[in-house]
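One structure is given below, represented as structure tokens, and several questions about it will come after.
Going in written order, the chains are labelled A, B, C, D and E, and every chain counts its residues from 1.
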């Protein structure tokens, strides 16, 4: 218990003194997660929406697979990305291993299914509502997807925020592909894992609280920007 | 444009809810589809427009499919509002076909005026009153100036004056060459508008005929009964 | 049953897989291993969440005993640290005369070097060695990379980057992803790696199962254990030397 | 690349020989994740629904906090649970540390916000549809929640499956509170992390593929049981 | 039960959409609320039922609030279907108040019969036709035998015969003591049903009076115009 207090205290001091290491890894955490979120959203939002409007033979299977991919163990994703990017792997020549880029790649793989699945869920409802109108207006697939994404944007926010949360809190994959190298690929979660391993629980918790505060700040910011609740029912 | 349905059947969960229907509709008419609740009016209309797939049978249009669909418009029985402003709802069909922005803006104004929603342009469409939604749906269908207009009880929630105004709008469109196919439960409206009547019963075309004749001397006792079930003061 | 916190390097050596079944068979004791970082192992002991710990970081162990969390530390066995690096050996470690010399060569060549960076026994040893070579770690340029990870993960990183790294012999021999790496230097007495057993003080933590901790200790220092430990080898190479004093 | 093939091969052999260790840790993975899912659902489904129907002053903040909690770093959750369950912690007397129960507790904390958030999202739509009717029928809060949960059950399935996915793939927290003890608390993910640390990528990947296959099987099973897509729009 | 609204005002985004309205309604009447689209009929009905909150003013009921709400029922302008079967939709209001299972089953059968949906009991309610939904919503409101019944254009999508049948059902309920407050755009229906008329315009009560008098000699020119806007054959 005292450790939890010590953790809060550590978080407090880290923040008020604007510890330069903390600032560095926090910014890197944000950079990696936000970049991963952007790429994942670019894939997952249209894909999830497309899945909601398309009827094809193996649609149910596709959805089950998508849901199963939400359970992709980060460590396995990390391993596979590691093998692909390693010197002896097919993409070794790019020298991406142990760079933030590698971490972004791993995170994109991890959060894309989650975002796509939540998107699909939200878009199904909206599509049921819009279906007749959009079919009647003879819209193209593309137009349908764009319309649904635009009009369902507030629901997609939850999807994106879920993805962001998963990305910023993730450690297993980025530890493997990033290597937790000081001043190069260390982010908040890997630093927390490191401090835990060192037995410095107070510092680990402190970093953890910083991370939670960060996630909270991003959420509150986005919520107030989008004013989700102010526009009444929608 | 002429639409011809031959041996059209729609099944749901194995039950036939429409058909077999053979029906040919031609350009200059205002065709009114009549029938009791659950007769299959909505289903027939949807089949003719192509939003409902036939379980068997065929729909033949006098134009290539893609073009035909572009020139048709449909007003659904319960209005479907995009979760946008009234303005965005009106602009939407035009944006889809890439109409120039200033043209869109101007047409939106015109139509909002015509249906009496000029003051409501910036309101959220899903929050309009029942009648206002219906009018908006109608204007959104007319804004592309379609050749064929399908209307599913377009005046069900409208007051007397709006009903009159909409009827005038529709007749004007008809005079400019728009083919109109609509359902209604308002037999007064049917009498005022129809040039051609299709009477549906139990998913089948029970009687078909020119409006003048149908309302005066229906051929079948069922049509007779239906007309009598009407509210005549 | 009892719970024993051990370091990753000990577990990665594979010795535990040999010892535990025998312990179970001979004294009927089921030992549950918690494989964690050295620091974390000490923390688990401090909190009384394990009955004993087996680690290799003398200074930290002495502090642990001094604080009264363990009544004493008992040395069980040792192995040695080795310097691993890319097989083509750009820093010419193979010709090094001592551990210090080896490190100096790496620094001079500015060859990539992976540091555990997690304050584990291995990491602490590495820092002592740099110190002995009169080199200042904090002054190193990007070629020195503190990865902050366990032994296996660090070896994986070294393998992927073609970097030098200090590892304990057992972990190295048992490591499965040796691609491109080779053992380049070993043998300096400075690379000596002592493992010690510390039972958690039952006075501080009354719920600790002191009796079984004692039983395990007794077994670990027995002749049986000595034979097993000394006899454990991989590819004909012996990993540990038993050195418990009776 | 060869490692990935070796991994598939390893997975194949592990499965066809019905490796007894594999069976044991797989069953434990399932047991822990499913139990955690049940408890988390019992909390999150009503709570998320309640949040969708309640209007209170700090509702927006509550939702932002909930979304932020989706980003709870597993390692931090693990640490906090560890500190609470540790012998020197407040619940130390129960001796739960390094048992499957501790792992379940940690996972419940991790997946509850995710399930609640997706639930909230899905229930908002349904509530908008049902609002007038349920208010008019003078329903109690409880009745409203039950009605929404029942009629929205298919949407809630996605929420639950997302939670299951997160639970079965999670490693950071359960490693800390479970300790990855052989024959006691070792599950698929911690075994994968262990093999990765040993550099035995083929085995790690093999276990990973088993895990993915397991997640897939659960999803397909549940999808076909619930026949999500067969009942048309809903 | 008597309902009294005093200085009732409803604002949306700062704009007054209803009121101030002073209105007292008493038990034996069938009150019909008339008015053009967007007049505020739905809003007024919702306020009286208590599903819409007043921005200012007060609603006074002759019974304690909780009890009053239990004895009221409301049929919404666009029917709200639970995503369940027709049977489950009908049973729902009774289940809420803990009615015994056999009683529920029997009443559900009775009402399904009365509205002509006996064959559709096991169908998914959201997939009924427009008119069928409206009938179901009505039966679901009547199944608890409420003391006060609010109806928002209950026959808008019904055919002539169904409209007649529903009117008979409503009059029967009225004879058994149910107070009815409804809106309609069908002036024929208003004439047949009303004992009391409230004419709304621009969110305000423009005219109020006994039905007999109102339809013959409306006091205000606006009411006169509204009645003339009606479709009279």
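As a working rule, a contact is a pair of C-beta atoms (placed from the backbone, for glycine too) under 8 Å apart; a residue touches a chain by one contact, two chains touch by 3 or more.
This structure is a prediction, so every number in the text was calculated from the model and none was measured.
Visitor: Name, by label, each chain that touches both members of the pair chain C and chain D.
Guide: Both chain C and chain D are touched by A, going by the contact rule given at the top.
Visitor: Where the contacts of chain A and chain C overlap, which chains show up?
Guide: Touching chain A and chain C alike, sorted by label: D.
Visitor: Which chains touch each other through the most C-beta pairs?
Guide: That would be the chain pair A-D.
Visitor: Please work out the Cα centroid separation of chain B and chain C, and write it as a whole number of Å.
Guide: Distance between chain centres: 81 Å.
Visitor: Quick one: report the Å distance separating chain D from chain E, using the average Cα coordinate of each chain.
Guide: Averaging C-alpha atoms per chain gives centres 47 Å apart.
Visitor: Which positions in chain C touch two or more other chains at once?
Guide: Correct list: 36, 150, 153, 156.
Visitor: Name the residues of chain E that each touch 2 or more other chains.
Guide: Chain E, residues with two or more chain partners: 127.
Visitor: What parts of chain A, by residue number, touch at least two of the other chains?
Guide: 176, 193, 196, 201, 233-234
Visitor: Okay, what are all the chain pairs that touch?
Guide: A-B, A-C, A-D, B-E, C-D, D-E
Visitor: Chain A touches which residues of chain D in the complex?
Guide: For this pair, the touching residues of chain D are 1, 3-4, 59-61, 63-65, 67-76, 78-80, 83-84, 89-90, 114, 117-118, 120-122, 125, 128, 131, 155, 158, 161-162, 164-166, 168-172, 176, 188-189, 192-193, 196, 201, 204-205, 208-209, 211-212, 215-216, 218-220, 223-224, 228-229, 233-234.
Visitor: Flag every residue of chain E that touches chain D in the complex, lowest number first.
Guide: Interface residues on the chain E side: 46, 49, 51, 66, 69-70, 72-74, 76, 80, 82-84, 92-93, 96, 124, 126-127.
Visitor: Which bits of chain E are touching chain B when the two form their complex?
Guide: 12, 35-38, 42, 77-78, 127, 129-132, 135, 152-153, 156-164, 185-189, 191-192, 226, 229-233
Visitor: Looking at the complex, which residues from chain C come into contact with chain D?
Guide: Touch list, chain C to chain D: 3, 8, 12, 32-36, 46-49, 150-153, 155-156, 159, 174-178, 205, 207.
Visitor: Using the touch rule from the top, collect the residues of chain D that touch chain C in their complex.
Guide: Interface residues on the chain D side: 86-89, 92, 95, 97-98, 179-182, 184, 194, 196-202.
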